[in-house]
Structure formats: C-alpha cells, structure tokens
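Across the two complexes that follow, subunit A remains constant while its partner is subunit B and subsequently subunit C.
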Partner chain A sequence: MENIVKVETKNSRNKRKIIVDKIIHLLLFFLVAICASIIIVSVIFILIKGIQPFVDNYGADGEFVNQSLSSFFTNSTWTYDGNGGAMFFFFFSIYVVALSLIISVPTSIFTALFIAKISPRGIKDVIRTAIDLLAAIPSVIFGLFGKGIINPFVYNIAETLGIQTFAGSSILSGALIIAVMSIPTMTTLSISAINAVDQSLINGSLALGASTAQTNMKIIIRSAKSGIFAGIILGIGRALGEATAIQMVIGNSANGLNFYNIFSPGSTIASAMLSGINEASGFGYDIRFSLGILLMAVIVVTNLILNAIKNYNRDKDGPVRKIIKKIGGLIKNGKEKQEN
Partner chain B sequence: MKKILLACALLASCSLLATSCNNTPTVNPDDDPSVNPDDDDNNPGDDDEEPESFDTSRNVNLYSREAGSGTRECFFEGIGYGDVAKEDKWEDGVVVASPTSNGDMMSQVGSDPYGIGYCSLDGIGGNTSIKALSYEGVTPTEDTVIDGSYALQRNFNYVIRDYENTTVENGENRSAVAHAFIEFFNTIEGQTQIASAGGIVTTAATGTLEELIEKYPVLSSNETVQLYTCGSTSVEKVLSACINYFTGNIPNKNITISASQTGSGAAVTGITEGNSGTLADIGFLSREINDEELAKLTDNNIHSSMCVDAVVAIVNAENTAVSDITGETLTSIYKGELKTWADVVNAL
Partner chain C sequence: MEKKNKKINLSYLIERNIKNRKYKDGITNGSTFLFSLLCVVILFLVIGYVLFTGANYLTPGFITSNYSQSSVALRTPKDFVYNENDYDFSDLERFDDTYYSEKWGIGLQYGKDNNQNQVIYLVQMSENSPFHELVRRDDGTNFNIPSDMYLSYITVQTELGTYKTAFSEDGIENMISTLDEAVSIYDSNFLTLGGGISTSLITTCYLILFTLIFSLPLGIGGAIYLGYYAKDNRITRIIRSLVDMSSGIPSIIFGLVGATIFIPFVGSMTGTTGGNIFTGALTMTLILLPTIVKTVEESIKTIPKSMISASLALGASNTETIFKIVLPNSIDGILNAAILGIGRTIGESAALVFALGTFITAAPSFTSGNTTLAVHIWYILAGEYPAYEQACAISIIIFCVVVVLSLSTKLINYLFRRKRER
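Moving on to the complex of A and B:
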C-alpha cells in the first residue's frame, strides 16, 4: 500500500513540474513574441507610412501632388514639391561611411592587436576599459564633442590648406565622428577574434623563425580575419544608422552633390530624417518615413554584400563566386570573339 | 608605475588636442577689429592673408533653417525669394547648411567668419559673436518694428482647440481657462509680460487680469484644470513668461499650463489630431496659418495673433564688409549669384 501511495505522489509531483515547465515555456515564448513583433510592427508601420508620399495627394486647391518614384531614385536635389530625390543623401551616407572606414578599420585592428597580444597586463586592462567606456558614451555627447572639438579642428586644417569651410561643418567632420563611434564595436570584436586564434599557429610561426611582428601581421590578423570582418560589419551598421551626432557636425546641406571637396557640408539619410523633423508637417513629415525605408534597404543590402564578401573564401560554390565566375566567363568569351 | 606612465601619456595627448583646437573661429571681442578699432591696422577691404582681417575674396557661406520653419518662411517671403520659403527649391549647386534651431543658427554663423544667416530678433540680444544687419537701411529695433518701417516681421499666432466638437474630460473648465489665457495676451499685464520676454506688442491693451478673473469664475474656484500647449519653438520665451505670470497671479492655484513646443508645423495638428489621440489646448505658430491648415479648422478654433517678432539677417561679428543689406541683394546671395563677399559689397 505504502509503495503505491509513494509512486502516486511522485507522479503528481512530476506532473506539477511539467505544468510549471510548460507555464515558464509559454511565458518565455510570449516575451520572444513581443520582441519579434516589435520589429515586425515597426517595419510594417514605416513601410506603410513611407509608401504614403508616393500614393496620397498632398496638393492644395485640387492640384494632385505626390512624390514621384522615379525622381526619388534619380534626382540628387532634395525638395518638398514631389520631384525631389534622395540620391544626395544616399551617396553621402555611403561616402561618409567609406571615409570613416579608412580611419576606423586600421585603428581598431591595430588597437585590438595591441590589447590582445602586445601590451603588458596592467596597461591592457586600462585600455580595454577605456574602449568599453567609449562604446557606452551616448551619441549626443559625441555630437557635442564634434561641435566643440572636431569642427574647429577641421576648420583649422582647411584654413591652413586654404580651403573655405562652413566653420568646420563638413563631410570630413561627419566621417571623423562616425569613425570614433564605430571604433569601440570594431575593436571589441577584433579582440575576441584575435584571442581566439589557435596558439599552436602562433607557436609554429615563431618556431619557424618568424619575428613577433611578422607573426602578428601575417599569422594572427590573417587567421582572425573573419572575426574582424564581423566587427567591421557591425561597425558599419552603427555608422549608417547614426543620426544625432552626425546631424550636429555635418552641416545638413541638401544641395550640391560633390565628392572631391570633403570640406563641404553634406547630409546622410539618417541625419536628413532627423534634422528639422520638429518643424515638418504634412508631406515634409511623411517623406521622412520614405527615407526610413531607403535607410533600412541600404543597411540590409550593405550587410548582405559584406556577408557575401566575408564568406567568399569559405564556400567555394557561394553565390558571389558564381557571379564572378560568370562575369569572368563572359569577359573571356567577349575577348575570344573580338580576337576572332 | 606603468599605469602612471599611461596616465601621463593620456594627459599629454589630451592637452595636445586641446591646444590644437584652441584657436577656434569663435570671436573674442578683444581680437575683433570691428569692436576694437585701435588694433585694426589693416584695411578690411584688402586681400591680405592675415587671419584676423576679413577677406572679401572668400565665398559667402549660406545658412538657412530647414523647410517648415516659421523664421525661414518669414525671411524668404520678406526678401522676395518665395521659391524657397516653404520648399527646399534651391538653385542647382547652391550649398546651404541647415542649423536646426534659432540658437544653432546663431552659434554656427557666430563661428563662421564668412557665413550669413537669419534669426529671430529677440534672440540676438547680448550675443557678441554675430552682427545684425540693417534691412533696406532700417536698423532692427523694437521701435522700427512697431512703426512698420522694418519690413522683415512676422506675427506669433495662436489657435485654440474646438471644445464643442471634440470629446474632452472636464471640457467646460478647460475651455474657460483656455479662453481666459488667450484673452490674457491682450491685457495690460499680459502685454507687459510679452514685452519683457522680447515679443513686440503692436495693439493697445484691453482690460486687466482682474476683469478676466471676474469674467471667468473658474479662475477663482478650486477646480483642477490642466492645459497643454504645442507648436512653435520661437514663441517659447514669450509663452513661458505669460504662463508663469498667469498661473501665479490667479486665485485658483490648481490650474497648470504645460508647454511642449516642437515647431510651427505641430500647432494645428496638435489641436486637431493630437499626439497619439491626446489633443493639446492651444497651438502656437511663428508664421501665418496656411490654407491647408485653415481647412482643418472650424469656427470654434479661435485663432489670432499674439505679438510681433522681427527676423534679422545676421553675419559673423568679424564681418566688416557689410552692415546694411537689401532684399534684392539677399535674394541674389541665396540664389548663388553673388558668390564672394566682394561681389556682395559691389552689388550694394
């Protein structure tokens, strides 16, 4: 008798455990669903709001005015009369990020190398903390820093070179600010990548007579390439979406596309969305959502391209390889035909 | 030991950065030739390379607020370049930087020796890094604005919510307080407050706050009433002076008015559509209400002007080339026809 009772209580205990488990599973699933749906809802919201300027009528007095789709993608002058184009912001977003990468990529890779492999223990912790703190600084603070320090700095450089600037508000200032902001992300990920490099590789290199410097440059950085690249991708993501700090230093001009003068003011997609949104109403307000769609598209496409490049060496039959092979084949065919 | 060394190195690099940025373009009144004529030994018209003197062969750097700004609309309508008043229709190749507020405009033009921009008159008092330009020979002051000789002026307008056709809690009291508050702008006390905050009053005062308290019993009751305002940021100074005086000097201490100003564009949307369903009580505009917005209003949305403000063309205090400007010249400058300061001087 006693035995049976014991078994029953055990069973009921188990049942209770199962029920509690199920409840906790449901709760967790609920939280996950909330997180996931925030992304879906916000994307759908921006899509709907962003398509509005292309469809709705914004004209007064019976005139039909809406944003023309073709000029949105071809025109590089930003106007609020429906014929403006976002290409100015598009090119400058890419341009500013590319400029910033020239500064931030080497800096963060070598900083990471120094922290992970070269620096003595005491200094390592201090620098590491400094970089982590840099990542925690809000972008408004970077914006103020840019206004107070980077803009006058750029102004002085330009004055020495004899180039006129808008008191330093320029693409170069924007690129510098973005570089500073993306360095912590890139460095932190590069450090983990460099730390993950197999010690036997390093030992092998040193045993073969390579110097420490040679090992650092040729073995460690090369083996950590994929991790470093992941850091760069994240850094680019932050750089493309940055609005507050950029808006404070870049000058927010929306006219006169040029790539040769990095001392002239410009605007990125994100900064264009932010600047003047408080004054905007009607069409000027809604068109910012269209810029939002463009920004999301740019970020997604950039990430896809970068990931494809990152995986280029790993999978021999990847899509990029195939495309390049095809292009190569076409060029070869063309040449052969020409020769014939 | 190493930590100390590192700290020293960090300090050294910081001080290096600081010194490199020390000669900022902000104007120190002592170095400014226009303020201190004793130090001014070079002719401002010369093309010499001295950084302190004003080099007229340099380009004019254009600054303008973004589309939708009330200040911008007033300025460009006033100088006769209506194409860019509401939309960003600049001429091809004209590079214009956009500060995001009145204060930002002043700080940017104040740090760019070759810049030109515009801002509200009440903001520029005491700012030594910029210089206000006379317009068509008239110096912008309160007197010239009141007698109408200074042309670049605008109304600060308000519009109140339609309490009869919108659902509102405690509507009767809110409506009464809102009406009392807008009538307060025209009382003797109200006009004093507006004037003390930099607004310019053009009409004669009617009535006093005492009379208002008699007219609206809610002001002397114990009812709790909370009002919200929205709209232009330019009116902020004037508005907060009025709110402080009004709520401080009525017997009912349970009345509060909170201002959340974002921009003229939010005034009419704030009282008709609201922010996520919550409608504001009074909206302020630093420009005239446009047709699109008028279409949204009913007869119960009382709207009128509160006071007048002037928009002033400003240049950097280092700029010795111009002190008086005309609408025609300003239009040519913003069209990109007059590229350098020498061109501007020649055109005047």
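Moving on to the complex of A and C:
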C-alpha cells in the first residue's frame, strides 16, 4: 500500500515539473520572440510615421501642404516648405564616409598588422588598450573633441590656403571625426582576420625567401582581405548612422551641394535628423522620420552592395557576376547589331 | 674570363638587392608602427584636451548645483534702525581665511562659481546679527540664507541717506567697508551657483537603473532560449538573424522608435506628455537587447555540455538545470552585459535626444522631460556660445566611468578564465 502511494506522489511531482518546464520554455520563447520582433516593429512604425509627411495635411488655413515625393528624391536643396530635397543629405552622407575611408582604412589595416604580427609584447598591449579605449569613448565626447580641436585645426589649414570656412565647421572636419570613430571597429576586426591567416601560408612564403615584411604585406594582408573588408563594411555602417559627433562639427547647412570644396559646411542624413530638434514641431519634426527611412535604406543598400563586392571573387555565380555578365552580354549584342 | 665577370656581377646584384630589401622592409615596418602610433596619439589628444580644459571646472559645486540659477533679493525691514549698542557679536568664532564685518556680525569668504569667477560667500553669522532680520524684497517674508548661495551684490543706505553698492567682483574688503558705512541694507542679492549638473547626474543614474531593470531579464531570457533550448532549425536561424540585424541599426533610428511607440504608450499609462525617464529607459532597452543576448549567449555556450548532461541525468528538470547550472555558470557573461549596458547608456546621446528630451530641469522627475549627462554636453555645446569647459568637465566624469567599466570587464574576464582553467 505504502509503495503505491509513494509512486503516485513521485508521478505527480514529475507532472508538476513537466508543466513548470513547459511554462518556462514558453516564457523564454516569448522573451526571445520579443527580442527578435524589435526590428520588425521598429521598421513598421517608422514607415508609418515617415510616410505621413508625404500624405498628411500640414498647411494652415485650409491650404494643403505636404512633402512632395518627387522633389524629396531629386531636389538638392533642403527646405521645410514641402519642396525640400533629401538628395543634399544623401550625397554628403556618402561623400563624408568615403572621405573618411582614405584615413581610416590604411590606419586600421597597418595598426592591425602591427599589433598582430610585428610589435613586441609590451607595445602591443599598450596599443590594444588604446584602441579598446577609443572604442569605448561615447560619440558626444568625440563631437566635443571635434568642435574644440578639429574645427580650429581645419580653420587654420583653410586660412593658410586662403579659403573661407564657417569657423572650421566643414565636411573635412566631419570626415576626420568619422575616421577617428571608425578606426577601432575596423582595427579590431582586421586583427582577428590577420590572426586567422593559415600559418602554413606564412611559412611557405618565408621558406621561398621572402622577408617577414614582404610576407606581411603580400601574403598576410592579401589572405586576410575578406575579413578586413568585413570590418570595413561594419565601420561604414556605423559611420553612416553616426549622428551626434557629425552634427556637432559639420556645420549643418541645407544648401550648397558641391564636390570640390571640402572646406564648405554640409549635412548628413543622420545629422539633419538631429539638428534643430529643440525648435522642431509639426512638419519639421515629422519629416525627420522620413529621413530616418532614407537613412535605413541607405545603410541596407550600402551593406548589400559592399557584401556583393566582397563575395565577388569567391562565388562565381554570385549576383554581381550575373549582373555584370548580363550587362556585358547586352553590350555585346548591341555591338553585333550595330555591326550587322 | 667572361664567366668570372658574370659571377661577380650576380653576387653584387644579390647583395644590392638584399640591401635594398632591408631598407624597404624597414620602411614598411616603420610605417605600420607610425600608423599605430597615430591611434595612440589620437587617444591622448582626446583625453588631453578633455582633461586640460575641464579639470579646473570639475568642482564639488559643479556636481552638486543645479543648471538653472535661482536668486533671492533681501533687505532689512522698513522699520529697521541700526543701534550699535543692541548688538553683541562675541559669539563669532574667528578663522584666518574669513573676513569679518564687525558692524553687522557676519563672516565672508571667497569662493568660486561654476565659471571659475571669484564670488563671496556668507559663511558665518553671529546669533545676534541683524542679518537674521532680513526679509525678502518681493513679499516681505523672513528668509534663512542657505549655505549654497553666494552674495552677488549688496546695496546699502549710508548715514547720509545715499545709496552705495558693492559687487562681488570687487572683493571682500570693498564689501566690508561699504557695510561699515551702512545703517540699513536696501538690497542684497543672493544667487545659487547655477550651471551645474546635479539633475542630469541623478537622471543618468535613474536611467541606468531602469534600463537594466527592463533589459537584463529580457536579454538573459532570450539568451537562455537561444543557448539552451533552441535547436538548429529555421525559426532559430530567423530569430538569430533578426537579433543580429537589430544590432546594426544606428541608435538615432531607435530614438525615432522611442518617440513614436514609447512616448504615446507611457503617456497613455501615466498621463505624461513627451519624453521621461521611462521612455528613455525603454528606448535604451531596444538598443541594448541585441548586445545583451549575444554576450550572455556566448558565455552560456562555454559551459561544458557534460555539466548540463550530468544535471539532466541526475533527474533535474530543464528548469532546475537552467536555474542551478546554466545561470550560475554564465554569471560572467551577465556581468559583462550589464557593464556594457551601463557604458552605452551613459554615452548615448542621439537616441535620447528624441526619446528623453533635452530639457535641463531644476529637479529630477519621473513624469517630465529630463536629460542625461551626454545630452547635457550636446545641449550646452549647441547654443551660440558653446560652454567648452563645462562640457569637458562632464566628459571627464563620463570618461572616468567608461574607463572603470572597461577595466572591470577585463578583471571579470581574467577572474572567470582562471576559475574555468582550474
């Protein structure tokens, strides 16, 4: 009799355990579903709010004023009267990041090489710590540094060159600050890419009589290319979304698109979203969400393009190859037709 | 003869080549060193600029005072008559660095305001001092002068009936000599320091607290699911890639999300309008979640499979295994995630401009707009006269916290790695 009772209690305890297990399992799944759905919900809400300026009525006294879609994508001067064009911001977003790459890419690759392969142990730790600290500095402090040091520096350069600047607030300052901010990301990823290079490759190069420096430049960097490129892509993504630091140094102009004068003030998409936020209301506030959509689109498209370029050599049937082949085929066809 | 000549030429060529190669190698190695030196130089420039500009301004008064300056104007009552024989100031203790007005029984001392200008504090008052009788100029009520207010200027009525004003900038001697001529005090202006960061500092602490409360349970739960339960199937892969993707979104976008979702949501729950600490904390939660999930999951994955199997084989349920094996063994990951979260919350500015607001208020509040230290920096630099010194002083605080946090991450990793190796 006693035995049976014991078995029963054990069974019921097991049952309870199983139920608790299931509840906890479901709860955890619910939590992870929240984590995963953040991005979907965010994108949906920004889309809804960002489309508003194009359709809603913002005009006073029955006058219909909203953002014109065609001028948003074609106009290169930004205004708040519904005819502003975001292409001004779009162009400078790409331009500033491209300028910054001139400094940040060589710096981070060579620094990574030095840390991973060349430096003695003591110096290595110092530089590693410096890079970690640079990565940990918040962007607002970089903005302060840019406003306090880089802007006067750029102003002095422009002064000696005889170019007028807006107290040094310029595209060049923005590019410099972005370069400084993206160095840690790129360097950290480059270091792990360089460390992952196959030792037998290095040994082979050395055995063939190449010096260590030649091996470093010609074998290691070349084999770590794809990892380094991944770091650069990540850095570019961060740089495109950077708002505070750029907004503080770039000058926040809304017109005057140009390629050649890097001493003129500009404005990126992210910095335009942030500048003048304190006084913004109504249309001036809501249009920032439309710029947000544009920013996300730019980041996603840039990432896709760069990843396709990265994989270009690796997969022979990748999308880029296909497109290039198709274009090549079209040109060939055209030529043949012309000849005929 | 010809053969010999060739040999000499060849060896000479090789020698020259090797020499050239040495130079080239030296140049490439040197340039890598120079580039890494550049990184260190940049770091030192940033730290040096912040320290040299801000160190003098980082005073206790700066940390404890409010951003807004409040003032009070006091005078002696209208029926006040100064009679020298009424007063006995023998209870005043005398100090070397304090100046005393024997006529009014007060001790004055030099101090500094948050712009490093010289100001005068009223530090001592005799029990019998007529300064106790001072009333507010606007409504005539009595007012006790608090110790954090300094004396900006004082206008007195002399025996001849004329008025005389002494300013704080002109020094204590001038003020005391003016007071000695006085028979009544017509207007004395007391000011709080102003320009301080106390509200922003407290708000930052609250924001960190609430962000951790919201984000850690969510993140740890998600990480346990991904690291312990999840099988390698399609749903898991989709969840993983979604979490990865949200870590690539710039924070300003999350600021927009906070403004569109959380401000109306919290508003409908509590009746607030605009950003407050809760909307800020919820937005920071969005930003931090992917990082927390990743960090904790990494540390769950380092737990030996044999430990989990042993626990299950001994009859423990999945829940018991999670709470007794998985969580205690991934404590280093949880600590690292919390530290990362604190660091990000302190430094975040773009998202909080949208989700929390930029209003620097007189007192921390849960229902109205506030601001954190990082946004405070952004705000005081945005105006026409940027306050670099104060911004640098705040940056020193942020920087110290960031350095301490990154050092403690290293310490945690070191301690737990040693524990694992044992």
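Here, the second predicted complex is superposed on the first by the 305 of 340 C-alpha atoms of A that agree within 3 Å, B and C clash if a C-alpha of one lies under 4 Å from a C-alpha of the other, contacts with A are read in each partner's own complex, and residues count from 1 in each chain.
As a working rule, contacts are C-beta pairs under 8 Å (C-beta built on N, C-alpha and C of every residue); 3 or more make two chains touch, one makes a residue touch a chain.
Computed from a predicted model, the values in this text were never measured in an experiment.
**Q** Both complexes share subunit A, so when I overlay them there, do subunit B and subunit C fit or clash?
**A** Aligned through their shared chain, the two binders clash on subunit A.
**Q** Which one hits more subunit A residues, subunit B or subunit C?
**A** When the residues of subunit A touched by each partner are counted, C comes out ahead.
**Q** For A:Ala33, select first, second, both or neither according to whether it touches subunit B, subunit C, the two together, or no partner.
**A** Touch partner of A:Ala33: subunit C, not subunit B.
**Q** Quick one: classify A:Ser139 as touching subunit B (first), subunit C (second), both or neither.
**A** second
**Q** With the two complexes superposed on chain A, say which partner A:Thr79 touches: subunit B (first), subunit C (second), both, or neither.
**A** It touches subunit B, and subunit C stays clear.
**Q** Touching A:Val65 in the superposition: subunit B (first), subunit C (second), both, neither?
**A** Neither: A:Val65 stays clear of subunit B and subunit C.
**Q** What is the contact status of A:Gly284 with respect to subunit B (first) and subunit C (second): first, second, both, or neither?
**A** The first partner, subunit B, only.
**Q** Should A:Ile163 be classified as contacting the first partner (subunit B), the second (subunit C), both, or neither?
**A** neither
**Q** Have a look at where A:Leu47 lands relative to subunit B and subunit C in the superposition and call it first, second, both or neither.
**A** neither
**Q** For A:Ile299, is the partner it touches subunit B (first), subunit C (second), both, or none of the two (neither)?
**A** In the superposed model, A:Ile299 contacts subunit C only, not subunit B.
**Q** Kindly classify A:Leu206 by the partners it touches after superposition: subunit B alone (first), subunit C alone (second), both, or neither?
**A** The answer is neither, since A:Leu206 touches no partner chain.
**Q** Which parts of subunit A are in contact with subunit B and also with subunit C?
**A** 126, 148-149, 278
**Q** Taking the touch rule as given, give the residues of subunit A at its contact with subunit C in the complex, in rising order.
**A** 17-18, 20-21, 24-25, 27-29, 31-42, 45-46, 48-49, 106-107, 110-111, 113-115, 118-119, 126-127, 130-134, 136-145, 147-149, 180, 183, 187, 211-214, 216-217, 234, 237-238, 240-244, 248, 270, 273-274, 277-278, 288-289, 292, 295-296, 299, 303
**Q** Spell out the part of subunit C that touches subunit A in their complex, as residue ranges.
**A** Per the stated touch rule, the residues are 21, 24-26, 28-29, 31-33, 35-36, 38-40, 42-43, 45-46, 49-50, 53, 217-219, 221-222, 224-226, 229-230, 238-239, 242-243, 245-246, 248-254, 256-257, 260-261, 286, 289-290, 293, 317-320, 322, 343, 346-350, 353-354, 358, 374-375, 377-378, 381-382, 386, 388, 391-392, 395, 398-399, 402-403, 405-406.
**Q** What residues on subunit B touch subunit A, complex-wise?
**A** Against subunit A, subunit B makes touches at 2-3, 6, 17, 20-21, 23-25, 51, 58-59, 61, 63, 65-70, 86-90, 92-100, 108, 111-112, 114-115, 233, 262-266, 268-269, 291-292, 295.
**Q** For the complex, give me every residue of subunit A touching subunit B.
**A** Subunit A residues touching subunit B: 60-61, 77-81, 84, 120, 122-123, 126, 148-149, 151-153, 155-156, 159, 164, 166-169, 247, 251-256, 264-265, 275-276, 278-282, 284-285.
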